[in-house]
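Next up: some structures, all given as structure tokens.
You will see chain A twice below: alongside chain B first, and alongside chain C after that.
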Partner chain A sequence: MHPALQGLMMIFVGVSGCVGYFYFSNIVLDKFIFPAKGEHAGRNINRANLVRPWLFLFPALIALGLYLAYPVIETFRLSLTDRSQGGAFVGADNYAALFNDPKFWEALRNNLLWLLVVPAMSTAFGLLAAQLTDRIKWGNIAKSLIFMPMAISFVGAAVIWKLVYDARPIDTNQIGILNAVYLALGGDEPQQWLSKPFWNNFFLMAVLIWIQTGFAMVILSAAIRGVPEETIEAAIIDGANPFQIFFKIKVPQIIGTIVVVWTTITITVLKVFDIVFAMTNGQWETQVLANYMYDKLFRAGDWGVGSAAAMIIMLLVMPILVWNVRNARKEM
Partner chain B sequence: MDNIAGRKPAVVWATQISAAVLVILWLLPTVGLLISSFRSADQIAGSGWWQSIFPQEQNIMIRAKSAADQTQEGALYVIEGNLFEQEGLDQGEISAWGTSSRAIAAYTSGQTADLGNKGRLSVQANGDYRFENNSEFSGKRGQRVFLTSVSPPNFTLDNYKNVLFSDGGDGMAKAFFNTLTVTIPATIIPILIAAFAAYALAWMDFKGRALLIAFVVGLLVVPLQLALIPLLKFHNSIGIGKGYLGVWMAHTGFGLPLAIYLLRNYMVGLPKDIIENARVDGATEFQIFIKIILPLSFPALASFAIFQFLWTWNDLLVGLVFLIDSTGDTTIMTRQITELLGSRGGNWEILATAAFVSISVPLAVFFFMQKYLVRGLLAGSVK
Partner chain C sequence: MADLNLSNVAKVYGGKVEVLKDINLDIKTGELIVFVGPSGCGKSTLLRMIAGLESISGGDFTIDGERMNDVPPAQRGIAMVFQSYALYPHMTVRDNMAFAMKLAKKPEAEINAAIENAARILQLEPYLDRLPKALSGGQRQRVAIGRAIVRDPKVYLFDEPLSNLDAALRVATRIEIAQLKESMPNSTMVYVTHDQVEAMTLADKIVVLANKGIAQVGSPLELYERPDNEFVAQFIGSPSMNLLPGQITETGANTKVKLSGGGTAIIPIATEASDQGRAVNVGVRPEDLVIAESDPLFAGKVNITEALGEVTLLYFESENGGEPVVGKLPGIHKDIRGTNVELTAAPEKLHLFADGLSMRKK
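Now for the complex of A and B:
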């Protein structure tokens, strides 16, 4: 069958299946299992209402359990086994292998670097953009242009930035704007930005910062709008300058939002894969955990060590997960 | 608000200028690629894209036609033609020219150069030239003419034609439809499943509700990297292996936490009276959901649909793992572009165009539906 036709069928089957499931399961519940008539009408209504939420939740819970919760446990189990020995239990061997692999430490170091730089820079630029565009007439256009990279795929962004970083031999015209600017500012020869160990990490991070700044800006700009006008007016009357207003009046009032933005970007950073995969594939010491894991799983076919690496990512996400859950529970 | 105390003109100007610089910085990389996708391979390699929007001055050498093309006008032997046309170049404007590499700008356009017994050559600004001599021209090769010409900006749609429609077009057209095939079911199906669950979590009272919400919030941040191998094993064991069905299911599963979370947050905010009135009037929960909740939740549904669409369209990892098999028939655009980056890393005209084909759809969605996207972002992360 043609894939497009298959797609249409999937939409039809999926949608009608969902609607049909919800509709008929409710009918079965109300009419047959606990009919709201006869001598037990009252009790039956109550019982039906106890069951009904689970009817509504059932498909979602199955999907969540199967596609997200079960894999966490299964990955943990796989990280303790060896595929080449037919899945035999090997204890912490995979973790030992992981910790003895210099590539892993390189990936971990780079990931920590990413974690330090990207959320900080994205939030800072986002805050700056939100503040700058807050009161100007063309602010909305400016915002939507800075926000635009959010819609671009990591792979698309990788192509865009590869062109920025392109290097040509010294005696020819440069087509990468970074080298053109570098030479115009007095640089002596075009640089291969992506193959300079250590610094190339920052050139890869620039891509993610470029994408995430728009996200930070949108959320922070809504928060800045929410800062009560009176506090700003009072500061102005007291003679505060614009910088003082920004850092001492506005920022403290939106600090909660800044933290949320920071953690959201942190999670994105931990999962970053496409950018490194497409731009350097971990060469020149730019490996990150997600790409390292992909390498182990699908290129080396080593499920044990790959799963162990995945568990390390999970471990890094864990504090944020706990923090989020606690916050959510506090609200209820 | 603009004239309140403390808003000095200098500050306003500084703000405007910094905002403009920031916007330009953020826009430049994309614009560079967009412009490059409209230039030919030679143009891209020849000069930076930022130069292409201005007329370019270039120095080139073109040979006039050879003795074989000469005609006779009375006593004169004449060779005529247009320098740009005979080389198949774009029309330019000649400011200076010469006949020797040591003096390439010896004459201005319209002037006549006397080359002694070799003849008299005149070149016009538009490239027309006339070479005349009293005796017959000889020699196999034509006279060399060095030009300093200014050619106007020149853009072409050929790259798009090649990438999308030609046979050797690197499979982008096929990949485009494959991506679409992945995206649409993977956007629609999670919405329905999530909407029902979100309604239960928002408006039905039952034991364990708080725990379930916490469960969903926790799953929001679980890296999908963990799911790759276990799910691939699962798909293989139930016999769907790699393919569309697998990728639809995977995207559905991965999109659900955000969908449930967004929709629940929105539904909780709907007015309580409407729902309770409907209950009193004897509406079943199913009717309330279909007739009241769904229509009222449209903005949140739209927000999530956009997120999910952008995410599935732009995804590479899930496609790589669950969809693309060794035949390569089911390749998606992001995969195709990373392949091109590897195999044709220097062919910017193909890369830029392929990337823009892939980017264009999300960008269109972004610009037309920005309102919902922003609303969704705000609902999804600010608490």
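Now for the complex of A and C:
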């Protein structure tokens, strides 16, 4: 069968399976287990309503258990064993090996850099774009353009930006725009941007900032629209200039949303993998935790250390995740 | 101290939609002017033009003789109180009131003194360190007024400040505003409302806006007793003034009108001989109608009554679906519904309109 047809069939089976599950499980609940008739009709309705939420949650709980809870436990188990010794229990040896690996500390340092720079820049640019496009005619077109990178996969974006940073021999035309601009501004020779230690981290971060700015802008734009017009007018009458209106009236009123956007991007940053994988693969001191984990787990085949790295990433993400969910709830 | 002057002021949106035109208005220092008018008449727009939140499309607006058309709002010496309070939600009451003065880089001591003073006047002292969300609607509006007082403006602008309050609070806050006005005899206030009671009780002068322009300016009682036109006659007073169509049959110092309902009215308003036979409307307020002993002005069958205790409103059957004639009789009239009632009014209470305009000489 043609793969597209197979796909369509699977979609059909999947969707009708879901609909069927909810429909028939409710029928079973209401007609057979707790029928709303007979002498206990009232009691049965109440009981059915107590059970119903679990009926709806059941598939999600199963999926989360299978694909989230189980892997966490299994990864934790693997991080305490050694594959080369046939899966023997080795205690904290893998963690010790991890902490003695300079590449791990490099990855941690780089992740910290990413953590400081990317959420800050994305949120700042997003806020700026949201404010500047707020009340102009072509604001929506500008917004669509800024949002567009969101639709590109991280790998795709990485490929695009590899071209931006591309370097050709000096006597040929530069197809990388950065080198073209660099030479036009009087640079002596084309630079290999991605192999300049430390600074190359920022060239990689540019890709994620480029993608996440659109996300930050869309959310913050909605938040700015929600700031009551009268408070801005009152500030105008009180004598505030546009900067004071922005920083003293608008930003404090949307600070909750800014925090949610910031932390959401922070979580994305902690998991960053594709961009580094596709552009430098961690060479030239650009290693990050997720790529480090992948290297250990699937390239070196060292499940123990790889799993230990995965646990470290989870531990780092967890507090931010909890905080983010709390903030998001407060906003709702 | 501020005299405001608007001359030929106009507002046009997008070069096409004309909202206001030929607004000529003189507001003297210490006056409380109320703009009233039906929804969409541009009363809030006019206030926002005075505030500087809307541009002025034509004409001149001056404060104390100084042209203000292009002066930024903050430098016009005005303060505005908004219907929705417009408090800064992230600032305490104190910071809300201090914001303008801090922006103007006033010394700390002066800011504190101004806030203490405003808080005392408005009884906000216990709430200075609260956020707006921890205040009731009435308290929030007092903070908004406090924010205006602190700036010590020449002109106070109020944009329907009581509309978001419940009925009891509205009355209380209305009285507070009246007291505030008395305590600051040198400040000019412009107040927009759609509530007639607010307009009648607060205003030194009422400006009735309609049809892109000013229908009449005058003291509340002037508008009530001597409306210039049918619009003002019907807009001021509740229920609205009745307009009874008729034809002038005798002119002179007193004008005699034969009403199409059958009655005859003799009105002490002078008309010219050329007015003979002219189609006119005789206006009479529901509260001026009394039961007629003889020669009724109006007779009809009572369709609906509304007993308010203090008065009883009578809605008469209307001919050909027009506005019903309404009468307001003092006291309780239990069995009056469905009966035929004959009403009349004292001649000096009658108004005479031709082509929508009052025939009374100014």
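The rule we apply is simple: the second predicted complex is superposed on the first by the 306 of 332 C-alpha atoms of A that agree within 3 Å, B and C clash if a C-alpha of one lies under 4 Å from a C-alpha of the other, contacts with A are read in each partner's own complex, and residues count from 1 in each chain.
In this text, contacts are C-beta pairs under 8 Å (C-beta built on N, C-alpha and C of every residue); 3 or more make two chains touch, one makes a residue touch a chain.
If you're wondering where the values come from, they're calculated on a predicted model, not measured in any experiment.
Within the superposed three-chain model, A:P59 lies in touch with chain B and out of touch with chain C [touch as defined at top]. Contacts of A:M293 after superposition on the shared chain: chain B is touched, whereas chain C is not. Contacts of A:P252 after superposition on the shared chain: chain C is touched, whereas chain B is not. Of the two partner chains, chain B and chain C are each touched by A:I236.
Touching more residues of chain A than its counterpart among chain B and chain C is B.
By the touch criterion defined above, A:A278 reaches chain B but does not reach chain C. Comparing the two interfaces of chain A, the one with chain B and the one with chain C have residues 233, 236-237, 240 in common.
Interface residues of chain A facing chain B in the complex, by the touch rule stated above, are 3-4, 6-7, 10-11, 14-15, 18-19, 22-23, 26, 30, 49-50, 52-54, 56-57, 59-61, 63-64, 66-72, 74-75, 78, 125, 128-129, 132-133, 135-136, 139, 142, 144-156, 158-164, 166, 173-177, 180, 210, 213-215, 218-219, 222-223, 233, 236-237, 240-242, 245, 257, 260-261, 264, 267, 270-271, 273-274, 277-279, 290, 293-294, 297-298, 303, 306-307, 310-311, 313-314, 317, 320-321, 324-325, 327-329, 331-332. Put simply, chain A touches chain C in their complex at residues 228, 230-231, 233-240, 244, 248-249, 252-253, 255. Those residues of chain C that touch chain A in the shared complex are 51-53, 72-75, 78-80, 82-91, 99-100, 103-104, 147, 151.
For chain B in complex with chain A, the residues that touch the partner chain are 1-2, 4-6, 11, 15-16, 18-20, 22-23, 26-30, 32-33, 36, 44-50, 177-178, 180-182, 184-185, 188-189, 192-194, 196-197, 199-201, 204, 206, 209-210, 212-231, 233-234, 244-245, 248-250, 252-254, 256-257, 260, 284-286, 289, 310, 313-317, 320-321, 330, 334, 337-338, 341, 345, 348, 351-352, 354-355, 358-359, 362-363, 365-367, 370, 373-374, 377-378, 381-383.
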